[in-house]
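So that we are looking at the same thing, I have put the structure below in structure tokens.
A, B, C, D and E are the chain letters, set down in written order, and residue numbers restart from 1 in every chain.
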């Protein structure tokens, strides 16, 4: 199948290095300590953060840092074909783990010993790049909850199809079976905290693809920063100072 | 669940007694209702409904299926509700399962009518494509994104809105197939049938706190309830379902009283919901239009 | 063991909807519209439990065991009042067709709601009372049977209650209201009303209604149910009295 | 019975002697039992070698094709068979199939909780289906309807309603009784190749041929019966209660069929070793029990047949 | 009675036995038992602190996990687990480590008949390897009654399917004891004649069963000799 047309455009009309339309919002869940929704094209996720709070299961308590937990769930209607999905299948367990580890790397857990932070991500619509979208939403939600972090971690994926590195794959491109590089980046520190790839790719091309994903992460980081700034200004205005 | 101090409890109870609730509402007032339709483009119809801090999404997916041999002239509808852990940490790891089944069962009772199908909010015979062979199976999925009380009413409103938003593709049945074979069907990409949702009832939950009952309780108020009755009322003022949701026993006359109160409230709520849904539909259509423009 | 795909025989000619214009149809078991099936109740059906009861309403047969008050599950948080844990199961052979028994998932929570208003939860703080029901034969009006039988089992176990809970349901078929419907009547009902009622306190602990009803009809049906519940309550009381007098 | 208790509890002297019998029973179950055993009697007044009273009621479930409720002491089992139609497998075109499942719902015992199935249930389930299939009690050919086309799939479900020891024995008896009670409905083949029921009403002429006119009952040959004994020191206790099973943990289950063949001898571990002499003792106890159970079963079946006639 | 079986053995002959211990380094004890082509690997972990809810905390508890070669755990595996657990409980001295749990994990490597005896032998060797205190060893063997009425020891999988009846049993090992003979015998039968575990399927006469037991007893003496030798050699490498 031709994923990049001769004209240089992709199936959904984007250029190879173009991201989908991104929309991010803080405060999607009223009752949570922090929450956010993040949309990348048709992919739509909500994240909610509860904590830091007392550890529920005393056996899991860690003496010198906070316990971070994460649960990833998909709505029944999130994919094209409707399926009732069991809780805690392999894919969602793996994703929960990836998200937890990525977020743990940027949260200053040592500031909140003997406490617990719960991150819940809920996929409303899946159209490729859910992993990245979840991380981005979680970052926003953590920031909204006022959890101390060393930097904003953002994530973006890039692939390689028809000998072209492509930024931000959608479901169609994702299921083509080509390589898919997901990067999580601490943009200010310029450090990669998450790197996943599941295919074979020559090293020089891989570097290009990864670089592309990193560029994507930086762009998202800028956007997220903007959203947070606006939100803060709004809050400041509401407080009347 | 939020822990409340004795003072807070008193404040809530006292407010309800004096017809001035903690958020300034009167006993029979709903919180501001926000409706958005078409939020899930992949579904045939969807809506997001917010009652204050309660936030739910409903989606409708239609799939072609085979009718139940006992009821060959009707389609099938299944309602499932899922409680996302984003709404409350207690829902994680299947912790919301119990509440989910309870809500699903309550919605099924209130929207789908009796076993024979009489009094159903959704006209099942309109889902029939070819008698005994092909029908539409509607899967209605609810998702609780944020919970601050009164989930059932919000879900019912979201389902009503999602059904209004639903377009079911027109189907052409291939003729000439022999009677035992499954006929060929042709699903149209362009023509959609709109649903008539005027018969879909609304659910009004009356929560009894002290001697009074209130509508649209927040979770703080729900924690003070002694019992609650959910009544499903359609636009003709007929009761389409009733569930007493736990708690202490009530005198029969009190329940009948609550039913008539619910009917009274429904006379305000139904037009309000209808106009909100229409506005949301108009907005989503306009939104689609503006996407195409530039 | 991979069991091959099999299908059930269709036994009885499915009773299609009766002529509804005719209000004078006769129920399949010859009862009057407002006549309940004979009830047979007995306590102490399963001695391994703290309390148990067996109930038979026509062909509907249920058995309920009550365990506790006993230690709550470890995962449970501290609770100043007791917990009531209800679970309803259907035997695989209980329904006309094998495998139909699973569409009663909400029975457990319905049973819980019917009972929680009657049990003095504060009389057993920090502990759990488990109410387990097994429907041996599902012959219609299963939930009311389970509820009545469970309250009898609770009484047998010596759990403190404000009152016994008796339950009954009414089906609306065409213009007629029939009490205590059998399975085939439930299959063609237009609406139903189920009431769980504390006969001495005259309070309703659970009420569910499906189908389209006018207020007047609700009133009429509720009265019918309450009347049946009061009568059933008497039978339950006699059953308990007999159990006590025969044991001493 | 009360006198025995007094005697057993009272003779201990010292600390134990001043205790109430019930408390002594709970705190020192093993000494309590051993004292009874010395007197060759059990706390429920049974001699060591006798089983509890057993009653069988067949046809307890009207929604099933065959059913039986069996009570031995307080242990209660309800077995019921539902027949469905299947297409037989290629290898055995004229054989039906029997699927046996044993359930321990939470009502039966305080140790079983919902969601966590009892450990014992699958084990007993396996044991029951092994014994029933190996005893060749049922000819699967009798479950055939139309060779290669249709055969009965018999689902035999056994529910334990109250668990008070010797579960296997009671479960097997209830399974056997349900199979003996099984009424196979009259059926015929319709145009679409599906099996449909024929109403038993002789006045209504059926146009179709009845497939199984003379196969209304299963002919049971070599019916298996079983007895569980507990070995404890030199004692052998027949038909133990749950309390006895929990205190003295070496059960031996002997299954003999009506032709006096050994179908199964099952001793899963346990503290005591079974010597040949004690095995022989168990077998002879079982022989006696088989006679008892056969007559109880025959009586139960006869009385229902009379009712039905 | 003497007849040659498909694999060339006569009725009383066992398949070649191989026992290897200490194969797994993470486990506290492990052993692999091969009996012809049937191979079972056993690993022992523990004693670990605490027992499961419902177990007697005054005694050590033993937990058995059966891993089939392929597929899911079904009723058969559950039954094996139960028989093994009860068998091992009877040979362990449970009062030495109260309120602990010892896990025995069995992995079926290949099954060509006599799976349960093989597993009992393997887990017994693994318990020795882990240094769990035992009263005595358990040696297990199976015996079948063929259609023509002769008895064969240690039937292979092919033979098992043809059998009229089948007995699997476990005995205590023959003791090498300094105590006088009388202390370990009862009513003229030595203790090692007592059966720890027996399962049987298929109908046979009671006498046939007792003959099977006799056969099994004779074979178990050989196996126990083999087990003892293999334990001794590997303890002094």
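Brief remarks follow.
The criterion applied here is as follows: a residue touches a chain if its C-beta (ideal position, glycine included) is under 8 Å from a C-beta of that chain, and two chains touch if they have at least 3 such contacts.
Just so it is clear, the model here is predicted, and its values are computed rather than measured.
Ranked by how close its mean Cα position lies to the mean of all protein Cα atoms, the top chain is C.
Ranking A-B and B-C by contacting C-beta pairs places B-C first. Between the Cα centres of chain A and chain B there is a gap of 31 Å. Taking each chain's centre as the mean of its C-alpha atoms, chain A lies 50 Å from chain C. Centroid to centroid, with C-alpha atoms defining each point, chain D and chain E lie 29 Å apart. In chain C, the positions touching at least two other chains are 1. For chain E, residues touching at least two other chains, in rising order: 74-75.
Across the complex, chain B is touched by residues 28-32, 35, 42, 46-48, 50, 71, 73, 75-80, 82, 84, 87-88, 118, 120-122, 124-125, 127 of chain A. Those residues of chain E whose C-beta lies close enough to touch chain D in the complex are 54, 74-76, 78-79, 82-83, 85-90, 165, 167, 172, 186-187, 189, 191, 193-206, 208-210, 213. Considering their complex, residues 1, 3-11, 45-49, 52, 59, 61, 63-65, 67, 70, 87, 89, 91-96, 98, 130, 132-134, 136-139 of chain C touch chain D.
Residues 70, 98, 101-102, 104-105, 109-110, 112-116, 118-119, 227, 229, 234, 238-252, 255-256, 259-260, 263 of chain B touch chain C in their complex. Touching chain C in their complex are the following residues of chain D: 61-64, 67, 74, 76, 78, 80-89, 97, 99, 101, 103, 105-110, 113-114, 153, 155, 157, 159, 161-164, 185, 187, 194-197, 242.
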